[in-house]
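In what follows, structures are represented as structure tokens.
Shared between the two complexes below is chain A, which pairs with chain B and chain C, respectively.
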Partner chain A sequence: MPGAGIQMMTRLRVADNSGARVVGVIRVMRVRRRTGTVGDEVVCSIKEADPGAKKVKKGEVHRAVVVRGKVEDARRDGSTMRCSDWAAALLGPNGQPIGTRIRGVVSSNLDRSKYMKIMSLCRVII
Partner chain B sequence: MYVILNNLTIIANIDSMNFSTSISPKIIENIEKQYAKSDLPSLSIGDTVKVYLLIKEGNKERVQVNQGVIIAKNNSQLTSTITVRSNLQGVGVERVYLVHSPLIKNIEVLRRSKVRRAKLYYLRGLSGKATRLKQRFN
Partner chain C sequence: MRLEKCYVCSSTVYPGHGSMLVRNDATCVRFCRSKCRKNFTMRRNPRYMKWTKAARKAAGKEMVMDSTFELQRRRNRVMKYDRELMSTTLSAMKEIEKIRGRREKSFFKDRMKVKAKVDKRMALKDLAQDLEIAQPAVVRERKELREASKMRVSVQGMEQ
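Then we have the complex of A and B:
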């Protein structure tokens, strides 16, 4: 169950309603790091999208933030969380989420100063 | 040299101890006893529990409740942990809690189950009705 994290070619489920379903990671935006974890921003391409989606199309390159993952996501009190899948929310060019709703659980370890909008859109923050 | 806790209690007089033998484990146990909770309910594998966690968001404090099934338990005195699995919004979420953490306000056992395993990792591959556990009444 514990894994190394996400890297290039990893498929992430899309947690928002932008129209995309699955994205493939191109690059984890961390300096000198090969694997990414929850809270990291990634550059990804859309591998699967809803046919009638207006905001995104298959093949487009977007940035996204990983909102939950299968690896242990540590909390400051020593507790950890892990989810059954890897999921990300797509971001627009200004860093704001493209979607208007977030599906599923979002980790509370996301940087609130950057991703306040995502935290406010989701229903369950663990 | 003395080992003192809270400036009040002298736990051990290190000068008088013979360090050629190993240090008594009682020293660590006595220190840990100050922080361990004495009012924890008995937690077993398969119990459905509600964990009341204190969350601090800036200045505000609130209590978040998490309900799930204990699928693993690790006994190690102060750092004992339980792994609680629940299904939230269609996502399987496992949280590992340190049961003696002061941020855990309460652990409430809702239901006990009859399980024949020490760890219920097989539940990760199941969903819905297949994850039901038989209730235990003792």
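Then we have the complex of A and C:
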């Protein structure tokens, strides 16, 4: 079983097509728990990016929301669900996603009022 | 609401039970309990674990081919709700379940036919080879006592 959630120094895969590949977490926002999990917003720096990426560059600092995780997540009916990797989607200063597509699945535990755009961009919500 | 099947043991996963692993291509692997999930994460093949449905089927211990299985199938077609159809389906489900139960029983009986013969043959073999073990403990004890007393008598006779 993977351990707890994410914290400073955690690397996350980027699920969107913003051009970033891997981000390193600097801070998990507004969380009283020790670690963050799926649905939490993080501040992160881009550690790896596509060579021709225009929207973002390596070394930049952005906000991102964690869209799926390896840790087991309780669903409303009491069963649990987990994904095969930790991934996040980058957010712009206005809180809207930077990318225009989301790869892979997105957890249904995301806050719908905040991240409706991401939910509508992804192929599958699980 | 759907009753899914466990990936490992093929038992029914009821709502609110078990866990699910989602791959990035959105394929879901469902588990009925932590035992099944752990065995999956240990990369064990359900066919090689004796307690799973897959293994039992592979070993010929369960009914595999039957027309009742054809009726119980996952359908991804969306149906328009029809009250009459719903009620007939529900009654048909009960009927099919009965038929399946009956067939499974007869399958089990057929499978067990050989068992009585095998058991008898084994018992006869045991009797022929190890009659001592087959005797009840009381008989054995008495026999031992008798032998011991004989020994005592013979020893006494020698002394005199």
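Methods note: the second predicted complex is superposed on the first by the 122 of 126 C-alpha atoms of A that agree within 3 Å, B and C clash if a C-alpha of one lies under 4 Å from a C-alpha of the other, contacts with A are read in each partner's own complex, and residues count from 1 in each chain.
The criterion applied here is as follows: a residue touches a chain if its C-beta (ideal position, glycine included) is under 8 Å from a C-beta of that chain, and two chains touch if they have at least 3 such contacts.
Treat the numbers as computed from the prediction; the structure is a model and nothing was measured.
Superpose on chain A as described above, then tell me if chain B and chain C fit or clash.
They clash.
Examine A:G104 and indicate which partner it touches, taking first as chain B and second as chain C; both and neither are also allowed.
It touches chain B and chain C both.
Scan A:S79 for contacts with chain B and chain C and give back first, second, both or neither.
So A:S79 meets both chain B and chain C here.
Could you tell me which stretches of chain A are touched by chain B in one complex and by chain C in the other?
In chain A, residues 68, 72, 77-85, 103-105, 123-124, 126 are touched by chain B and also by chain C.
Using the touch definition up top, name the residues of chain C that touch chain A in the complex.
Contact set of chain C toward chain A: 13, 15-26, 28.
Under the definition above, what is the set of chain B residues touching chain A in their complex?
Touching chain A: residues 53, 55, 66, 79, 88-98, 101, 103, 121, 124 of chain B.
If we count contacts the way the header does, which residues on chain A are in touch with chain B in the complex?
Touching chain B from chain A are residues 1, 68, 72, 77-85, 87, 103-105, 108, 123-124, 126.
Residues of chain A touching chain C in their complex?
Touch residues, chain A against chain C: 68, 72, 77-85, 103-105, 123-124, 126.
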